[in-house]
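Heads up, the next two complexes both have chain A, just with different partners, chain B and then chain C.
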Partner chain A sequence: MIGWFGSPASETQITHGQRLWLYITSVITMILLVLPTFIVIPMSFSDSQYLEFPPQTWSTRWYQSYFNSPEWMRATSTSLKAATLTMLVATPIGVLAAYGLHASKLPYLRIAFVLLITPMMVPVVLIAIGAFYAYVKLQILYTMTGLVLAHTLLAIPLVVIVTGSALKTYDMNQENAARSLGAPRWKAFLTITLPQIKFAVIVSGLLAFLTSFDEVVIAMFISGGDNPTLTRNMFNALRDQIDPTIASISTLMIVLTTALMAIAVLAGRAGRTKDSG
Partner chain B sequence: MSDVKQDALPITVRGVTKTYGKVFALDDVSLDVRSGEFLTLLGPSGSGKTTLLMVLAGFTRPDRGSLKFGETEMIRKPPHLRDLGMVFQNYALFPHMTVAGNVGYPLKLRGVSKTEMASRVERALETVQLGGYGDRGIEQLSGGQKQRVALARSIVFEPRILLMDEPLSALDKKLRDRMQIELRHLHEKLGMTTVYVTHDQREALTMSDRIAVVNHGRIMQLATPQELYEQPANKFVADFIGDSTFLEVTRQGDTYVAAGVPLRTNRKIPDTRDLLLMLRPERVSLLEGDPGEANVFDATVSELVYQGESFLLYARLQDGTELSVRGAMRAGTFQTLPSLGDPVKLTLDPADTVLIEGGEG
Partner chain C sequence: MAVTSIDTGMAERSNARGLRSDERLERWRLFGLSSPALLIVLVILLIPTGWLFFVSFIGADGSYSLENYERMITRRSYARIFQTTFQVSLLTTGLCILIGYPLAYFMSQLPTRWANLCLITVLLPFWTSLLVRTYAWLVLLQRQGLVNEWGMTLGLWQEPLRLVHNMNGTLIGMVHIMLPFLILPVYGGMRAIDRDYLKAAANLGASPARAFWTVFFPLSTPGLFAGALMVFILCLGFFVTPAILGGGRVILVSMQIVSNIELFVNWGAASALGVVLLVLTMMVLWIASRFVRLEQMTGGGAR
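Entry: the complex of A and B
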């Protein structure tokens, strides 16, 4: 151990011993970030009527309760549908926007970029209130269309930023080369540019999916009627009754979210090794 | 691709102007590239040479002007309909495809059948001496090989015009020298009209049928390498191509005088009042014996540089101008040269006494 403490941690000759404080704070930070999320996992396997931690007896009855509830199943299907549609709408729009911002030399394009990422900076509740009144007028309140549009608004900034940063390291001359070789611009984009930024596009798509799937504030305002999302139902359930079903749903959401994030990270890494390889 | 020379196309550029804000990238440029010619656009960075190439390729739309390939007006045609081969500075190969995928790309776009494509790709690769490399990945190639693949890709569909944008600038000197000769041979073999952009004057002199020297968005001179070197149209060209020193020339009656020396020359003298005498270091010599008809300048040695194959001697004239003299070196030559501070007589043959227009033209 002494040897490890004294050994250099980097090329700057800082030792692991001198870095110890950094390791400790890092670990504490990570625990603080993750622990509240994972605390629901044991709670979901409790046999108790109420949310309790740690559980006294174990069972999977709350998972059964979830899967057997038509109401929860409908909400789940609404959320998955909204997330999938958001991904399908936001990804192409965001990718095209990022490409346009990257390829065009027009002045004032910075403004377009700022406008595109505004939804990320404005408090979500403001967007929700705005969407609510607009949707009443447009008569798309409580519809899937309205929900997907609002979530797309939230997801586009992520797609633009992730795809945009991938384009920064991409050499646009390749597209010019393709065009000089006889490819119209759209074909040059599809055959040359897109294959090389595909990992960023996949990551963007997954993030768009998660943006919608995890979203609760906008859903509170504009989803409902026959189309409440899973998150909205969970929020209402928490208010009305403290039922461990919530914990089991949360656990399943954590599993799905973590799995998608893992795919996103792996896809991103695959993209990077391919770039440098 | 056939080894028979194909019908090359002449390029006609008329009155092409391109501004960025208030800056003229191209200022009313007109240029004729003859069919089958190897023409180089030579100029410093920011001179407009690349902009002109991009206008030919279709990536830059000029504010006004006309561009014809043969008899066809091209100025509004998008790049993919111009049917020209282009080699980019950084190769711009497609890293997600193999060598064969890259070279076959333009053929695929043209709907060439799989079997024909394979044979044409292989022939193009053989032309650039990369036969059998089709299955390689792009990242496995060296810089020189990448350059060859880019070249193969741009000629495989037998374009009648080939554009090259500083294609050799990323290569080391030895490889660059070899590739210059190779490109030259390839051009002779394929015979396509070629427009080549470079800022390297030696490269331009080595490869070109004619060179257009570009500066400030205008063509300063369009001439063969020899004409360009021997009789530059103005000071910019003389300065950009080769090393030169300039002496102001005054006219006294029928004689032209530089640094107090009445000049004997059998060169054509430009019809202008503002004249300069151009002195190339290798055309000036140290006086040995009788000067004959040569112009003689008195000077003092101010610097002596050993450069291996040659020496470079700097000498100051009475009026303070510094000239340089380059001479070939054999064993012992350096020891026979005058030392620092010695008075020397420099001679310039009347055949090498070139008067040019002053000013930047």
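Entry: the complex of A and C
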């Protein structure tokens, strides 16, 4: 142990002992990044009206209050439906756009790329009130269609960036070889290119899903009536008081996110082993 | 003989012309693949934003006027809102750099296997719902919350501190949410630095601190700029976390826009604020684009 403190830690002559402060602050930072969110999980099983840690008595009453509430259930199903549809719409549209921009060599490409990633740069509030206005004119305010379209707008930049960066490392000559052997472009894309950027496409899809599922501000304006989203209801509840039901919903959302991230990591590992093999 | 050579020449030329126009057509066709995405951006983002721009110049009586912008200059409350927005954005960005840069450096020094493991602690919050994380902080920081309880048990402070529904809570929550946006590009940039430079510096007699400040740090600045820019831009338009953790005491531009519409149904005022916010964001991006490649901003974050 003492030997490790004195041993060199990098290319320079600095030792691990001299860098101890860096290790300690880094570990603290990592703990602070992850732990605060997870503290919600034990709290959601508390029997008390007040969120306490550790809970004095355990119960699942806040889960019951969530699952037995028609309002929360309706909101949850709206959110899941919107997120699934956003994933199904944004992923193909975004992948097509990324592929088109990558393969075409027109001089206007940069402008198109910048346009496609503007939804990431424009403040969400502005998108929200703009969409509200547009939806009144198009008469799709408070509809699922409207919600999915707006969330697709937010997801497009993510899909284009993730898929686009995967295409950059992909050798287009493979597709050209397939085409010179007589495969039409769509077939060459589906059978040669797509399998090799599969990981990026899966990750983009998951990101699109999460983007929609998490979104609050746009949903505040354009989801309502019979179709409020889960996050919209949560946000309104949070502004009023600290309702422990939110803790149970948060726990379920953490479980969902962790599962999706695990899928992404596994997909990545599968992709990598295939690359190296 | 001469006739045939002219013929083949012409044929070649027309062939070449045909190929070229084919290629141009093909390029346009490929470009067309991005049209559904561009159409959505046009219909749901560009046209409505254009309309907001137009509405911002319409006064309360329905005719053209600059009153929405005048109000912003003449009323003290608006100046304060812009000041708060910049203050919060700058502080959040600064704190993110102070906390995030050492962690990114730490990870960049680890072997890839370990670094990937540590990276999970950055990616997990990145993927977790913003609302859930904000809620967690609300619970932790409240009067009888865990932080106050532990702080008082440990004897760090006697009275419960006011940690939430004010600037403190807003900053804590925002820094926590923005950290991954800073760490990922910074870490990506650091990984790309050739370690041999540091070896060379050490060989030439530089102390570890000197090697870091004269070699490593300058090489890591592009990633740092990109991450800091991303955080700053996102902070300028941030709504959810300050709205919940600020408890109405920290009012940012985005929150004023929402209350202008929800409470006062004043589209002109909301639009004008929106236009100014957008222009400010674009100005920051434009100035930054002279120092840093904007693509880098998204390079790490989209992993």
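By our rule, the second predicted complex is superposed on the first by the 250 of 277 C-alpha atoms of A that agree within 3 Å, B and C clash if a C-alpha of one lies under 4 Å from a C-alpha of the other, contacts with A are read in each partner's own complex, and residues count from 1 in each chain.
Note that a residue touches a chain if its C-beta (ideal position, glycine included) is under 8 Å from a C-beta of that chain, and two chains touch if they have at least 3 such contacts.
Note that the structure is a prediction, hence the values are computed from the model and not measured.
Taken together in the superposed arrangement on chain A, chain B and chain C clash.
In the superposition on chain A, contact is made by A:Leu260 with chain C only, not with chain B. Once the two complexes are overlaid on the shared chain, A:Ile192 sits against chain B while remaining clear of chain C. Comparing chain B with chain C, the partner in contact with more residues of chain A is C.
Within the superposed three-chain model, A:Ala9 lies in touch with chain C and out of touch with chain B [touch as defined at top].
Look at A:Tyr108: by the touch rule set out above, it reaches chain C but stays clear of chain B.
Of the two partner chains placed by the overlay, only chain C lies in contact with A:Thr152; chain B stays clear of it. Looking at the shared chain after the overlay, A:Gly17 reaches neither chain B nor chain C. Clashing C-alpha atoms between chain C and chain B appear in just one of the listed stretches 9-17, 99-107 or 171-179, and that stretch is 9-17.
Residues of chain B touching chain A in their complex: 57-59, 78-80, 82-86, 88-90, 92-96, 105-106, 109-110, 139, 150, 153-154, 157, 163. On the side of chain C, the complex with chain A involves touching residues 27-28, 30-34, 36-38, 40-41, 43-49, 51-52, 99-100, 102-103, 105-107, 109, 118, 121-125, 127-140, 142, 144, 146, 176, 179-180, 195-196, 198-199, 201-202, 206-208, 211-212, 233, 236-237, 239-240, 243-244, 254, 257-258, 261, 267, 270-271, 274, 277-278, 281-282, 285, 298-299, 302.
Considering their complex, residues 171, 173-174, 176-185, 187-188, 191-192, 195-196, 274, 277 of chain A touch chain B. Listed in rising order, the residues of chain A touching chain C in the complex are 9-14, 18, 22-23, 25-26, 29-30, 32-34, 36-37, 39-40, 43, 50-53, 93-94, 96-101, 103-106, 108-109, 112, 115-127, 129-134, 149-150, 152-153, 156-158, 160-162, 165, 207, 210, 213-214, 216-217, 220-221, 231, 234-235, 238-239, 242, 246-247, 250, 253-254, 257-258, 260-261.
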